[in-house]
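Shared chain: chain A. Partners: chain B in the first complex, chain C in the second.
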Partner chain A sequence: MRSTDGAAPDQHTGRWHTTAGRFRVASLWLGVAGLLAFLVADLEIITGTPGTEMGRIANGFLSPDFAATEFIWQALANTLAFALQGVALGITAGFVLAVFWHYRLVRAGSAIIRAVHELFWGLIFLQLTGLSPLTGVLAIAIPYAGIFAKVFGEFLEESDQRPAAALPHGSGRLTTFFYARLPLIMGPLRTYGAYRLECGLRASAILGFIGLPTLGFHLETAFRQGDYSAGAAVLYVFFLLIGTLRFWLHRRLVLVYLGAALWWAPPLSTAPEGTLRRFFTSDIVPSPLKGDGTLTDLWLWFARLMTEQGLPGLWHTLVLSTAALLATAVLALLLFPLVSPQFGNRFSRGAGHLFLMIMRTTPEFLLAFILLLLLGPSMLPGIIALALHTGAIVAYLTGRFTLYLPARADRPRGLQGYAWDTLPRIYPNVLALLLYRWEIIMRETAILGILGITTLGYYVDAAFAEFRFDRALVLIGLAVALNLLVDGLSRKLRQHLRLSINSGQFAREPMS
Partner chain B sequence: MRSEALFHFSDATLRQGSLVVLEQLTLRIQPGEKVALLGPSGAGKSTLLGALREQQPQQVAWCPQEGALVPMLSVFHNIYMGALSRHGHLYNLANLVWPLPAERRAVQTLASQLGLHDKWQTSVDRLSGGQAQRVALGRALYSQRPVLLGDEPVSSLDEHQGLALLRQALAQHDSAVIALHDRNLALQCFDRVLGLRDNRLLLDAPASTLTLADLDALY
Partner chain C sequence: MILRLTALLLAVSLAMAAPQSALADTFVFTAIPDQDESRLMTRFGKVADYLSEELGVEVRYIPVKSYAAAVTAFRNNEVQMAWFGGFSGVQAQRLVPGSRAIAQGVEDPAFLSYLIVNASTGIEPGDAFPMALQGKRFTFGSRSSTSGRLMPEYFMRQATGQSPQQFFSRVGFSGDHNATIALVQSGAWDAGVVNYKVWDQAVREGLVDENRVRKVWTTPPYPDYHWVIRGDVEARFGEGFIDTVQAVLIGIEDEDILASFPRKGFIPASNDDYAPIVNTARELDLLD
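Presenting the complex of A and B:
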């Protein structure tokens, strides 16, 4: 960042007073934190021969075997059914929450339920409702309700208040809402809903990794068995599903799809009677309290859980995500020229779009899974996966944003243009996007543990596997606390840097 | 304190947020009066209208300036909004989803009077500025309340059409206070003229005693 454009050194102190300076300081801290994280992170490549394995995987991708998994189409239908029902339920619940958005309790509750990752919800509901469609649906619906509540609430707050104010006195709140509030936000809601369905499909696929019968289940099985041709086939089906979304997702057909989803996978529980009661009255009660343990026992239990699992998990989550944030920033700044009309030619942009599309469509969890097979369970695959996925999203949005930059005839070209014109202009947006994505990176980092990297999810997964649900809930609580902290910090930083709400809107609908 | 006046201010200060817009305002408007409100832009016409509306919220047919319509809804729905307070939630929601025949006929008649007969199913964001303005006036008329408060309700219409519509609107209400920028209209259609300038009510006189030159002094 060498942008000191428009700056004048203060005659008396010799100091610069520029807006870019503020961004530079923020970037410096981000860079220092990221470098420190890289220094302490475990970046070891554990597998002996990543080259050979990579060759086999590449071979698999070149010869996908669609006949290998007979259940692939069934898995596809499940993936779709869970996502459609989950998103529909999430929208409905989020809508109700948004109407009460002015209550602090509703806002806080929404923040907490969306801070818990879909996979964590999945692990919880596996205990409550068994290996059933209901588990898949609720694992998506609950966090999405929190997300939708926030987005709807903000849409309503930001929308034009004048039509509602102009209605005759005595029109009633319900009538006012449907006549003069809801129509104003319907357009953005629809766009956002479509984008969320795409996210829901990704989440649904990933839920296969904890045992639900979606695409992720067959993907994991195939890759773990080294049957890369079958794995590649599943992945291609997944890409096809996301890639064709815009062709089959029509407003008028949504109800038809939803009906089909309900028919294919009725959201019923398979858990035996009494599971729910046992879970809340016995399973999640901290073990020392079950016998005749004292408060001291409880404290010792908690302290031991924290020192052995909680704190290491938190630390690793923090280190991995901080390193990933820096890698994301660097990657995004390097990649966005690929899709910016200010650089390259038609062919380079076409290739760039394809690459970024694949990277941002592939869930980071999936990328991490494949990289883990290659590199072994260190932090390196996690960092690369998060950086590739998030970096591709930020690069794509940034590239798109350069469309709106003024096209000066005398602007410098190539590297000069990048450093002196484009970068200083788009830097605030890049920074805003990164700060928005920080929370998401943190959320994803926590669940990478399920794959074997020692972040919080590793200990959560282990606790569930050992049927120690009391521990699991404490650890999930830690993940929530970390997320809320990062969310708050990110908001403070954005305010401090005066990154506009516009860049936020921009960040909200990345795929539209 | 009991007062026969429809609207009443005594040495009042009107604010927009923390900004003082009108000071030392003393004003009485009786039922039955048709009052024109003049003054340069920013003089406080809209603020005064808002304050009048607060004094008689249930009596007022309200026709604010811009941005009061819901752009993505049809002319029918925007005009029908005037009647929202007359009906229950269920009836209103039914009309939102599927306009009922009785309301449809009533709104269609009104839309024809406003020169919008072929537009009643068109959304407001597809209309011209003048057409949208007529929809806003239509909504106020459809509220069927005795006191019309309008903020430049005919400013985007041509002289002839503006005069005709204003006369029609005034004839349908017992009382009215209308902000205008067209001084001719003020003298032609109203009993009384108020003039605002420099945060003050500078002029308050029967229209019959005023000339265009008197009104020019306001600007």
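Presenting the complex of A and C:
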């Protein structure tokens, strides 16, 4: 039905414009942009003997050494503690923000704080609160508050307004909220909270890459030193943590876990007082303004920063993420039959599920890190990592969606069925998911710079290493602007393509 | 549930906000993770025990992930002393007014870096920088490394008249010296620069396949690693504490402990010794 919605003959040409036609145009542009990105992207393989290294990594995964990493269980506890506290604080703050969702300022503020990646927040808070649990907690809580605010805000907007209208005239806003609004959205909130905890665990682990004592700390050390048995063991512990989530995460136990997390890693700062003031009054003040620089000096400083770092960083981020988006689309379309009941048998689907689960559980940052060891610091490992991770998510959700397709008895089988029946039916959903994921791909692309690929994160990391926080903040600002732009563009496109917000339930659906 | 959760969170964070005085009298130090990170705890745990015994206060070592993290921890007083490289030490001295360079290795006033190449480049050792490397792939160590980036870059700019980005087809940062050796040996990069101490140690321990990677050029000498201590430690550990720490460091004779650095021994240092590093860093636009 959807494809004929809004069809009307063009006044001048007499041709029909259909939503399906818009899908074709949008897909064409996506494809063209992606191919152009692949043409200009730096895809060189910078490695001597990848075969040997691959063999060593495979060997490491077959013989994990759990005793090699000192403090692996402490790191696991830290990973859990930071994630639990960060997500709890994020929910609380996001909840408060959502109550005021009708204010433009709150919406804009939430958009900005969630556009800054957890790792960028981590780098900032390392300066303010030191190598402390508080840094880990805030690096997760702040962007998550922005994400929760948006999701809760939209849940509230979409929820049934009638109970609120039925309350006696003159009921206070708080009363209305707690009695007539909140109960309606509690169910989806819980599901979404559980999904976010999984994301929080991934973020917490990854924060180890910038020095916090979580699993990522040891993972980075082991893999970079070439001790793949030790690295594999840490990775297995991480998979175990995520994979068993649904067995231990019960609603009634959440408070117990949170209490334990607060006991294990009290969210305290280890930095002295005054770091906050120092940060705002001195650290981030553009260096020409610290001396007796003029506005011209400031402009020269800014122009130089932009031409040497900002613009190259933006360009590389754009190229890498556009190429990754196309690769994600292709991979998702190829992979979803693995888990679709319309294809294969029970065993092939079981294997498919396992493969997709591993790919979507492994953070793209981590995949990129391992691929970088194999392929060297070009854009190639970044593109592959983003496409594998996001492609697996989109394929999984698409595969599940095929469950609800009409099961016609005369439907063709195999390749014929894929091309003439399944694909046309699920294509709008694939497109919607890709547009939802676009922003996330962009956000992750920027951060890959920390690993040595020259996206924005590369220059942000350099600015932090040189203790030039004024530069770092401008560069992070660029990443935020790019993200807001993509977010807005994706929303416009979804409206244009009539991919309604309801299809968003697929994007929000818990990943395991 | 969310309300209860909020209440609990608030209550607990208030309870936890009590001052953290328990750790106040532990003297904490760190070291830049310049090689083999998985052995840092073993390397510096011994040093902590030794210092603790000699100084009569509790001494703890904390590992950090990067050079910048070491400097940040020093700046935020999370560590009171650190074993820095030339450049990170200078960064630390500038960020913490009153901090002092107190000791350096016997080798550090005249430190060296080696240029190493993969055998496939066919470049042979020589006295001059091998210009045949033009257009090859080249890796530094850590961004903030003195022997793995700053000084070699400076000398290479002098030799080639170009920035590394112009001279080479691709420039990377491996992260640390051992990684540089491994990556040049595997051929992932055609060439790289390393701290001469780490190279010599790797050769001694048989970690280097000299048929596949070899050193071809040595930089002129420059000042490098040193211990920097915060000026405000005397308020906590008593008048004269800095001098005591300096004397203890210089007095280290235990071969096993010295091997952790690795140095033959320690000698006094002062902030002024690192003026050449400051000037070079300014020229390379790494310091304002």
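Keep in mind that, in the parts below, the second predicted complex is superposed on the first by the 491 of 512 C-alpha atoms of A that agree within 3 Å, B and C clash if a C-alpha of one lies under 4 Å from a C-alpha of the other, contacts with A are read in each partner's own complex, and residues count from 1 in each chain.
In this text, contacts are C-beta pairs under 8 Å (C-beta built on N, C-alpha and C of every residue); 3 or more make two chains touch, one makes a residue touch a chain.
Computed from a prediction, not measured in an experiment: that's the story for all the values here.
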Requested in this report: Using the overlay on chain A, decide if chain B and chain C clash or can fit next to each other.
Outcome: fit
Query raised in the report: Which holds for A:Gly170: it touches chain B only (first), chain C only (second), both, or neither?
Result: first
Requested in this report: Based on the superposed arrangement, let me know which partner A:Arg114 touches: chain B (first), chain C (second), both, or neither?
Outcome: neither
Query raised in the report: Which holds for A:Ala180: it touches chain B only (first), chain C only (second), both, or neither?
Result: first
Report task. Could you say whether A:Lys150 touches chain B, chain C, both of them, or neither, answering first, second, both or neither? Result -> neither
Query raised in the report: Counting only touches as set out at the top, which of chain B and chain C does A:Arg196 meet: first, second, both, neither?
Result: neither
Query - Arrangement angle, chain B at one end, chain C at the other, chain A at the vertex (C-alpha, nearest 10°) - result: 140
Report summary line: Of the two partners chain B and chain C, more of chain A gets touched by chain C
Report task. Look at A:His389 in the shared chain and tell me whether it touches chain B only, chain C only, both, or neither; answer first, second, both or neither. Result -> neither
Query raised in the report: Which of the two partners, first being chain B and second being chain C, lies in contact with A:Glu70: first, second, both, or neither?
Result: second
Query raised in the report: Regarding the shared-chain residue A:Glu220, is it in contact with chain B (first), chain C (second), both, or neither?
Result: second
Report summary line: In whole Å, chain B and chain C in the superposition are separated at their closest C-alpha atoms by 10
Query - Contacts on chain A seen with chain B and repeated with chain C across the two complexes - result: none
**Report entry** chain A partner contacts - residues on chain B that touch it in the complex
**Finding:** 57-58, 60-62, 64, 67-73, 77, 81-85, 89, 92-93, 96, 143, 145
Report task. Mind listing the chain A positions that touch chain B in their complex? Result -> 160, 162-163, 165-172, 174-176, 178-180, 183-184, 186-187
Query - Partner chain A, residues of chain C touching it in the complex - result: 1-2, 4-6, 8-9, 12-13, 16-17, 20, 36-38, 41, 62, 64-69, 71-73, 76-78, 91, 95, 118, 137, 143-144, 170, 172-173, 175-176, 178-179, 182, 186-189, 286-288
Report task. Would you pull the chain A residues touching chain C in the complex into a rising list? Result -> 44, 46-49, 52-53, 68-70, 88-89, 91-92, 95, 126-127, 130-131, 189, 208-211, 217, 220-222, 224-227, 230, 251, 254-255, 258-259, 262, 266-268, 270-272, 275, 287, 376-377, 452, 461-462, 464-468
